[in-house]
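I am attaching a structure below and will ask some questions about it afterwards.
Read from first to last, the chains carry the letters A, B, C and D; within each, the first residue is number 1.
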Amino acid sequence: MTIPAPLTGVVPPVCTPLTPEREVDVPSLIRLVDHLVNGGVHGLFVLGSTSEVAYLTDAQRRLVVETVASHVAGQLPVLAGAIDMTTPRVLSHASAVTAAGADAIVATAPFYTRTHPAEIARHFRLIAARSSVPVFAYDIPVSVHTKLSAELVLELAADGALAGLKDSSGDLGAFRSVVTGARAHPDITGFTLLTGSETVMDSALALGADGAVPGLANVDPAGYVRLYDLCVTGDWERAGAEQERLCALFGMVGAGDPARMGGSSSALGAFKAALHLRGIIDCPATAEPQVPLSGGEVERVGKYLAGAGLL
Amino acid sequence: MTIPAPLTGVVPPVCTPLTPEREVDVPSLIRLVDHLVNGGVHGLFVLGSTSEVAYLTDAQRRLVVETVASHVAGQLPVLAGAIDMTTPRVLSHASAVTAAGADAIVATAPFYTRTHPAEIARHFRLIAARSSVPVFAYDIPVSVHTKLSAELVLELAADGALAGLKDSSGDLGAFRSVVTGARAHPDITGFTLLTGSETVMDSALALGADGAVPGLANVDPAGYVRLYDLCVTGDWERAGAEQERLCALFGMVGAGDPARMGGSSSALGAFKAALHLRGIIDCPATAEPQVPLSGGEVERVGKYLAGAGLL
Amino acid sequence: MTIPAPLTGVVPPVCTPLTPEREVDVPSLIRLVDHLVNGGVHGLFVLGSTSEVAYLTDAQRRLVVETVASHVAGQLPVLAGAIDMTTPRVLSHASAVTAAGADAIVATAPFYTRTHPAEIARHFRLIAARSSVPVFAYDIPVSVHTKLSAELVLELAADGALAGLKDSSGDLGAFRSVVTGARAHPDITGFTLLTGSETVMDSALALGADGAVPGLANVDPAGYVRLYDLCVTGDWERAGAEQERLCALFGMVGAGDPARMGGSSSALGAFKAALHLRGIIDCPATAEPQVPLSGGEVERVGKYLAGAGLL
Amino acid sequence: MTIPAPLTGVVPPVCTPLTPEREVDVPSLIRLVDHLVNGGVHGLFVLGSTSEVAYLTDAQRRLVVETVASHVAGQLPVLAGAIDMTTPRVLSHASAVTAAGADAIVATAPFYTRTHPAEIARHFRLIAARSSVPVFAYDIPVSVHTKLSAELVLELAADGALAGLKDSSGDLGAFRSVVTGARAHPDITGFTLLTGSETVMDSALALGADGAVPGLANVDPAGYVRLYDLCVTGDWERAGAEQERLCALFGMVGAGDPARMGGSSSALGAFKAALHLRGIIDCPATAEPQVPLSGGEVERVGKYLAGAGLL
């Protein structure tokens, strides 16, 4: 399908359920997609960081996109990450996910190498030139160790190289510069501005974002859709209350002991444990070499669910 | 072939010559390998950072390993990088490069994700368990944004999970901890300790390293072999003089204007320009999205070559 | 005076006007304070980062506090930075600024040293134990290279060690954790939560902040007071418009050429150039070793003022 | 006294013994200085990072310099740190320590602020212009979060702004660029090049350093002097053995549990515990807010001493 311009609403980065052997668990993935669609979400983002894209082999990535794209069958747009170190490798993924049915691709700045704004611009222009679907930039400094500047994003948006931005920088002030800049720019229309934040989605929408890509929406899609609707209608007081309920739920990302595991293991482990506790996926396993949550840590996740009225 | 334990000497990270269309230039790659072998090097490391591994597609990576492994045909060991974000993706590359003829694989800690020492240990153990060839750890914090601790490397060496270390951390004191620790450890034998430094290779050998993986050895393999031989014979004065000649030559990595390009573009561009000026490769192109050196910058590279007696 | 608990409203970090010889320009400082008070601000923060505290000698710091405290004479609260590397040095400043008339002190985590959360907690507890006035924590990772966690701030607030927080981290999601946590905590009352952001002050107030410490309020105090009032009355639409006007004005911090100077020189130079252009201070000089704005860069600042209706 | 140009040999950064009340323990400080002088050291560096300069009040800093300078009374040169955030504050310290008897001052790049190479150059030039004694640059990125480039140091050395460099960057390759560059530069004579490394002092001397400023020399000055002498005579094999003995002893800096304390607490706590165990200082206390070593951790320090033949 042709992706709306701009794309609005809640577009969860879909978790990738795995079997105990760490293969993609297709039936669980389909149940998760149904859970999200039934929750009212407006699009799906597969192969993002929350999807454990960094851990999935090429075959697994393809299987994920094929499964989700064929299952939703054009009911709602499917964006897919083409996440790799540099342009040639991103282009390989872009071809693969487009062939598998993605309606748009999402790419980061180069990483692993020592890069430069001129190279980042060239990277996105080359991807856009060779992609048959719209290209979204994914600003995620915690992973790629550079930050996309507002100037760069606006320049690429004005050129038509970029169709949108997913901002996972955590820097709402910088995101606002892009939002305001894009609204004011004569050559930018239909550019999609999505926040990756779970905890200040209301703030981002208040200042003009089109939507959000919150990882926690895997666990509570209906909550994030409710929050989106409250924001759109300008009911900021009830939006704030719903956002705070979701912030409390988001505390689950700290369930894993930082002395035993990294932040990805804890956060992604918690999302999957929650989906397992809610009966949506069959197995809470995360990909190697992540450290699994202990029994006690899973119990903590359960308490967050209970506290949010989800168990 | 079975890789020596320890592997000693100069093991250049082989540049990957590209055509103007950014395909692997096989004839140039073979000429480069001959140039290195004729220079006296003791092994070859393909698909390292200097090889632009981060920019090569899977097909290009495979072609590089096949070309080099079949050309050297067991005359000297070929190590190959299996560089990707996490365990499952590294394992895919490990299988591919081993099938293509690599005698050992080289892997970094996970990157892009937020990781933890326990996960890094698990990562290397899983790779070792599933690899049919020895595994070297590649410590390159500038790319992966974590540093391997001496404790972790020694633990993995004692377990037999690791066969060696390539240290590109720039921290010689930390490297010495591994060298001294490995020499003293009752359960560690034949562990290979290689420095990635171009500029303090003499210091690293003096404190017990087995060899070096200097990117600049692409340009002047005979110089690095001469330096190695002087170190091995304990002629530290002449070694120092040769090292200083190579340090001066290494200045070429700053040929590119930092206002126009990143550090990878400048350094890798300079190595390739030098190989082109010396008549070894047909085209100095670097992979996208790197910024090419200007004519004036290439001239600067030429002056470094002339200064070192290489033109 | 006793500082309100919580302290609410706009509390500008007061610029420190200097003479061409880099001495404190007392008449200009008094005019600046009058400008702020006439603009309707609710408190003053002297010796913050925007005040160039890092550049002021002890004698200059004392003169600033004495001048401002005696001039405002209890009309509104005066907070003063006690900014130094570790506890004993912060305690010296705390005594000095309290003796000079400050109603509260503001301190960061230790810097220059390699520190730890347990040491940061101990640091604030020791300061609080020996201070005769309330202590605010100043979370400014860009300067001190650590981030105060929500857990730590809430623990210190519950203990009574901290009276408030000035958050200059740029991470609104993390700030919200403190705001929500403080509101919900049975042992925390009257704790002041201030954002340091110029550009998402409306968002911070919407999610429960008590006030703001925007450097740009030196230039347009009436604008920030207007924004505060609109937020307090819940008129988010007009608040958003006023915030966007101020965001555009804030663009002046990029007036200085990054090839010639650092971010502090550019931002602080722009604030002072604007105050000079508006006729409030006699000389736009910033402290050594900052690089002054060029004539053309000052003109750019003037255009930002004109664009915001301030010239 | 006039400081030699270059200054050569072992110049320990002198620990600052404290009483249990965290006042400077003058008798212990004098005993420590005697211990160092008797160990054969060639100069003393007071108010460096190892001296806990970041924790000492101005009065304590003055007392340290006065005590040491008057005690050594010109027998050997005394360098003193003038460590603070920016030029005006560094100048205050420079005056104070010079008045107290320092023969040279040591200053870092600006910190806490966001700086730029042009500002760093201006900073050192202003300090040099106003200092009555020679100025050494202190390159310590772990504390100030910028690295001095070889170009900048050589430019300032050629101008006469800098008399020397203390390199605590841990990057021996970069240090070599300065050493080689200074030796080759027609306008640089008598420039002092000191490494701050405890563990690769032999390597640094081999490549041309004039001397070293190892914190661990507080504990074993005779060992470092022996190492220096072996290096000067070119007996690299015995130098390597002595260096390795000192590397093993240096393991004490990890005595403190990283779950309980930061790196400064552990390293400085270990040095002071060792000096206390050796009977040189009366009390092992470190300054606030550092976390003290536990009894068990002090025992670990004792084992390191015993292993090195020092107990």
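As a working rule, a contact is a pair of C-beta atoms (placed from the backbone, for glycine too) under 8 Å apart; a residue touches a chain by one contact, two chains touch by 3 or more.
Bear in mind the structure is a predicted one, so any value in this text is a computation, not a measurement.
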item	value
Interchain contact steps from chain B to chain C (minimum; 1 if touching)	2
Chain at maximum distance from chain C, centres defined as averaged CA atoms	B
Whole-Å gap separating chain A and chain D, where each centre is the average of the chain's CA atoms	49
Cα-centroid distance, chain A relative to chain B, in whole angstrom	35
Residue numbers of chain A (touch at least two other chains)	none
All chain pairs that touch each other	A-B, A-C, B-D, C-D
Residues of chain D that touch chain B when the two form their complex	170-174, 176-177, 180, 197-200, 202-203, 206-207, 234, 236, 240, 243-244, 247-248
Of chain A, residues touching chain B in the complex	22, 49, 54-58, 60, 83, 85-89, 92, 110-116, 118-120, 122-123, 126, 142-145, 258, 260-265, 287-291
